[in-house]
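In the two complexes below, subunit A is the common chain; its partner is subunit B in one and subunit C in the other.
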Partner chain A sequence: MLAIDPLGTGGWLWTSLLIMIGKVLVIFVVSLVATMLMIWGERKIVSGMHNRVGPNKAGPWGIMQSLADGIKAFFKETFRPSKSDPFLYKLAPYLMFIPAFLIWAVIPLGGDFTDGKDGTVTIFGQVTRVQLADPQVGILFVLAMSSIAVYGVMLAGWASGSKYPLLGAVRGSAQMISYEAALGLSLAAVLLSSGSLSTARIVQTQDSFVDWNLVATGIVPFAIFLVATTAELNRPPFDLVEAEQELVSGFNTEYGGIAFALFFLAEFMNVITMSGVIVTLFLGGPQPIAGIDIPFIPGAIEGTIWFVLKLLVFLYVYIWLRATLPRLRYDQLMDFGWKVLIPVALGWFLLLAALRQFSPDGTFADSLRVTAICVVVGIASIALFYAALQVSRRNRERAAAPQQEGSPV
Partner chain B sequence: MRRGIGAAEFGRDFTSPGIFGARMSDFLRDYLNVVWFAVAALAIGGLLLGLAAAIRPSFPSAEKNIAYESGVDPVGMGWSQSQIRYYVFALLFVIFDVEAVFLFPWAANIERYGTFGLVVMLIFIVLLLDGLVYAWKRGLLRWV
Partner chain C sequence: MNTTFLEYVVFFAASVMMLGGAIGVVTMKNPVHSALGLVLTLFGVAVQFVAQEAHFLAAVQVIVYAGAIVVLFLFVIMLLGVDRAVDLSIEPIKIQRPLAAVMAVGLVALITAAVIEAGDAIGTLNPGTGIDTATVEDPDSNIQQLAQNLYNDHVLAFELTSVLLIVAVVGTVLMTRKWPKRSADEGSEVGA
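Up next is the complex of A and B:
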């Protein structure tokens, strides 16, 4: 089966062009509005958790606050530090902003995936997906875009020619690449159970609750992925890139006005898109919860409703984390990423691969046997490793000892 | 044109005419949507930045353009040296990024390669894990 969007496979018609432009425009407008609402929602919910009122002047419940902030930033005077690098300083906002948008392109935003349907809809006689594009390597595309955002942070900090942004940027890029390793390894577990890199196909394989990758891969890859994306997004408790108390505003200290607004927008848009990626990979995306069929609504729209409901849960979780957890210290952050998340993700992935290979039916007794063997092999190899370390240390001491005794005085 | 199984899988049958009249594969045409989206994002970013630059007030002065350093005059260069440890982490990251590149295609097709594939990948992963264990034992992961 071709894992690409079937739109236009029957040759080019003006309707397919129209649908394509329509999809681009709709996703564009929806993503911008969703981001503005997200910024407002975060401020409102966090202020609720802090027992204060939050924005309440612009529009009903302050809902127009982000728009008002945007207009203010738009008319604000900005100036570039004289020591900054002019080209990179101007390039950095684009490098943050465009990848943030592009991740939307591969997330399935709706469509009927129930009972093994492939989630396509028919508009004007053209068969297409409720998703901008469905490349065969959709997941790699997400990883690639989140990597480009690292360039945005790094270049913004470096090009400013100032100390706080530079500190924020080197911290941030080291943090982001560290957690990206864990992110990739937990993702491999999803690929193992779904057998495809295409996002639509991954959703399609999760057609009942036990097939959701959250359950099918065990809960561990999901937990690692959630932690790693939080770090990747520089959200609290991993917001060392900004760390207001020590670095003023981190990598974007020297940006003002609309350029700062673009960084801000990209940051919040990344929160929404990465939540969408989590929902797609682990919670079945537009698949209904527990097979519930909402009456009187066509399947494709129903998919969008389920997707948005699942998305809102994760957006709330991110805001909740921000209001609850204190920031990590930098050494704790790096230790956690390299010494906990990466080994656990790798070990879990190998266990899943062994289970997949040696107990394909997934019966409990088989799975238990394979798991037991894996654990025994794992413990044995760690024991061997420590034994080897002991031997090499003893040999080194023995080699060093006679030299000291026999050295001429 | 050579047409193997791989070519058919990737949709490289050049049958449908592309949007500029040239012929384009289905595989590539799927990315065309992404390109359009990128152009739209570039346009909105450029429009916002350009329009704001045109209408906002601008009265630059030497004092305004000094780099921010908590309100005092900046000391020394803005581009100060940073710790070598960041570099070590960047190198280690490359190991795991390369690992992911080889891991993903295998993970998506685990049935096709069977037990042989599992053992081979196990050897590969253990070899790369060696690098992490070595760095760990040498204390390179310790952030002082």
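Up next is the complex of A and C:
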């Protein structure tokens, strides 16, 4: 039970306990400050893309804007709609906020993983990792936490005792459950190539550019994972949960003050944590790019620098997506998730598994043969799938010509 | 710090969670609150799994049960609009409550019998019994052994279970489909 960190293996000492508490504090504070800067950065970058000025009053370049907003939210009156559920209405923001924090615990934030080193560092004579915990189930913990976050959206919508929040919550939970399947399937490809669930090991196996899972699994699982996380995060273009034009901000309509601020904070923190997960899974986390060794800086800190650089790329991509893409319609969202992402992720996973099994040496002839067979099987499956779609569409049109289609939720 | 003491603390905390949640499921008037009680129980079970070194089971417990199944419960409760406290003095199906009492007594008897039967083993087996201790330092050994067991020794049962699930899905789709009507006079009985 205590094998989640090399600290615990030699029995528990006061120094190791203090290091542990120190790590918790650092992660807590850094993630909060990072979220604050992320909110500011998003507003600033989006306003740049919109040809606006954006926040520019509080502090240099308006960098303290989120802090000012946070203080304002704290001092606002807390209220509760009369038809709401007293306990759950208060609980829901925390249910969304806490999982976002907890995912940080398993992301390797630094450490020297080059040349097959295991990324451990020594502080005050204690061997530890630059990550809070490295449990056996590593990446499954991330999945578990992201599935717990559904409760936040769902209960917030229901406990508000109002129509639009409930609609937003039902939409949101359906969306999150649907895209979790695609997320898990693309993750399976990564686990196949890394051969481990532990996040530290996943980073360790990616010690050169061709071993990065981005390359090792082909680019497809990465693309699927990126899309599926965007949907999981309810970020544009998948932000149907809080479609302002239809649902007046959706599940959090009835919230104000600090409770609303918590939702907001959780949303942005989730963007950072999920970017961290993507970097860990596909881009080697703290591994250096192209083997570059930054001079004069110890390897462990260098790892953190690489991690942050890779993270910033994804944060920018998320902001960019938000400013660029229009929102999907609900049926497009469901079609895309179920009819495109899941079959493609499944097919790609089968291809990777077949390649590993029947072409273990990776010789060109073997790989070509396996790929050809997989492509034939894939085309046959897609043909069957489309035939089934055609049949069901024809039946539906014949059966329900005078009837109205049920309105989408 | 004493590891045994820590284990007791974890065990009792998780047990309180499980029992509290279970009592909540039964006694709460509102179905949404009951479903959340169930989540609490499932989390307690997950903690017990971790304490027994069954990390993978704990993760799956949270992902599948807490993350998917109870969410589905809540989904149905909210969509059907039965999220109100119901009057428990009315009994819709007359024989249900006596049957439930019989079931409860039977279940308690079964569990008691199991505990008495396995009583010798209590206190003698350590956490993680059955796991190959030679490789327990390897973080992936737990999952690898589970996979070996599931996909080699019990592969037939596994495949049969997946067939069962497929049949269930196909059956659900069939039953919820709107069939083309032969005569136009029964238009309103097909609902969403």
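Following the convention adopted for this analysis, the second predicted complex is superposed on the first by the 372 of 409 C-alpha atoms of A that agree within 3 Å, B and C clash if a C-alpha of one lies under 4 Å from a C-alpha of the other, contacts with A are read in each partner's own complex, and residues count from 1 in each chain.
The rule is short, and it goes like this: a residue touches a chain if its C-beta (ideal position, glycine included) is under 8 Å from a C-beta of that chain, and two chains touch if they have at least 3 such contacts.
What you are looking at is a predicted structure, and each value in this text was computed from that prediction instead of being measured.
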The answer to whether subunit B or subunit C touches more of subunit A is B
Should A:L197 be classified as contacting the first partner (subunit B), the second (subunit C), both, or neither? both
Touch check for A:M49: first (subunit B), second (subunit C), both, or neither? neither
Next item on the list: For A:P81, select first, second, both or neither according to whether it touches subunit B, subunit C, the two together, or no partner.
Entry: first
| task | For A:N395, decide between first (touching subunit B), second (touching subunit C), both and neither. | result | second
Query raised in the report: Touching A:V121 in the superposition: subunit B (first), subunit C (second), both, neither?
Result: neither
Message = Quick check for you: in the superposed arrangement, does A:Y151 touch first (subunit B), second (subunit C), both or neither?
response = second
First (subunit B), second (subunit C), both or neither touched by A:A223
neither
Next on the checklist: Quick one: is A:A353 in contact with subunit B, with subunit C, with both, or with neither? Answer first, second, both or neither.
Outcome noted: first
Shared subunit A footprint, subunit B vs subunit C, residue numbers 2, 12, 134-136, 140-141, 143, 158, 166, 170, 173-174, 177, 180, 195-197
Given the complex, residues on subunit B that touch subunit A span 9-11, 16-19, 26-27, 29-31, 33-34, 36-38, 40-42, 44-46, 48-49, 51-52, 55-60, 62, 64-70, 74, 78-80, 82-83, 86, 89-90, 92-93, 96-97, 99-100, 103-104, 107-111, 114-115, 118, 121-122, 125, 129, 132-133, 136-137, 141-144
Interface with subunit C, subunit A side, in the complex: residues 1-3, 12, 85, 88, 134-137, 140-141, 143-144, 147-148, 150-151, 154-155, 158, 166, 169-170, 173-174, 177, 180, 195-198, 201, 395-396, 398-400, 403, 406, 409
Within the complex, subunit A is touched by subunit C residues 1, 3, 7, 10, 30, 32-33, 36, 39, 50-51, 53, 55-56, 58-60, 62-63, 66-68, 71-72, 74-75, 78-79, 83, 127, 137, 139-140, 142-143, 178-181, 187, 192
Subunit A contacts subunit B in the complex at 2, 4-5, 8-12, 17, 20-21, 23-24, 27-28, 73-84, 90, 93-94, 97-98, 101-102, 104-106, 132-136, 139-141, 143, 158, 160-164, 166-167, 170, 173-174, 177-178, 180-181, 184-185, 187-189, 191-192, 194-197, 248, 253-254, 257-259, 261-262, 330-331, 334-335, 338-339, 342-343, 346, 349-350, 353-354, 356-358, 385, 389
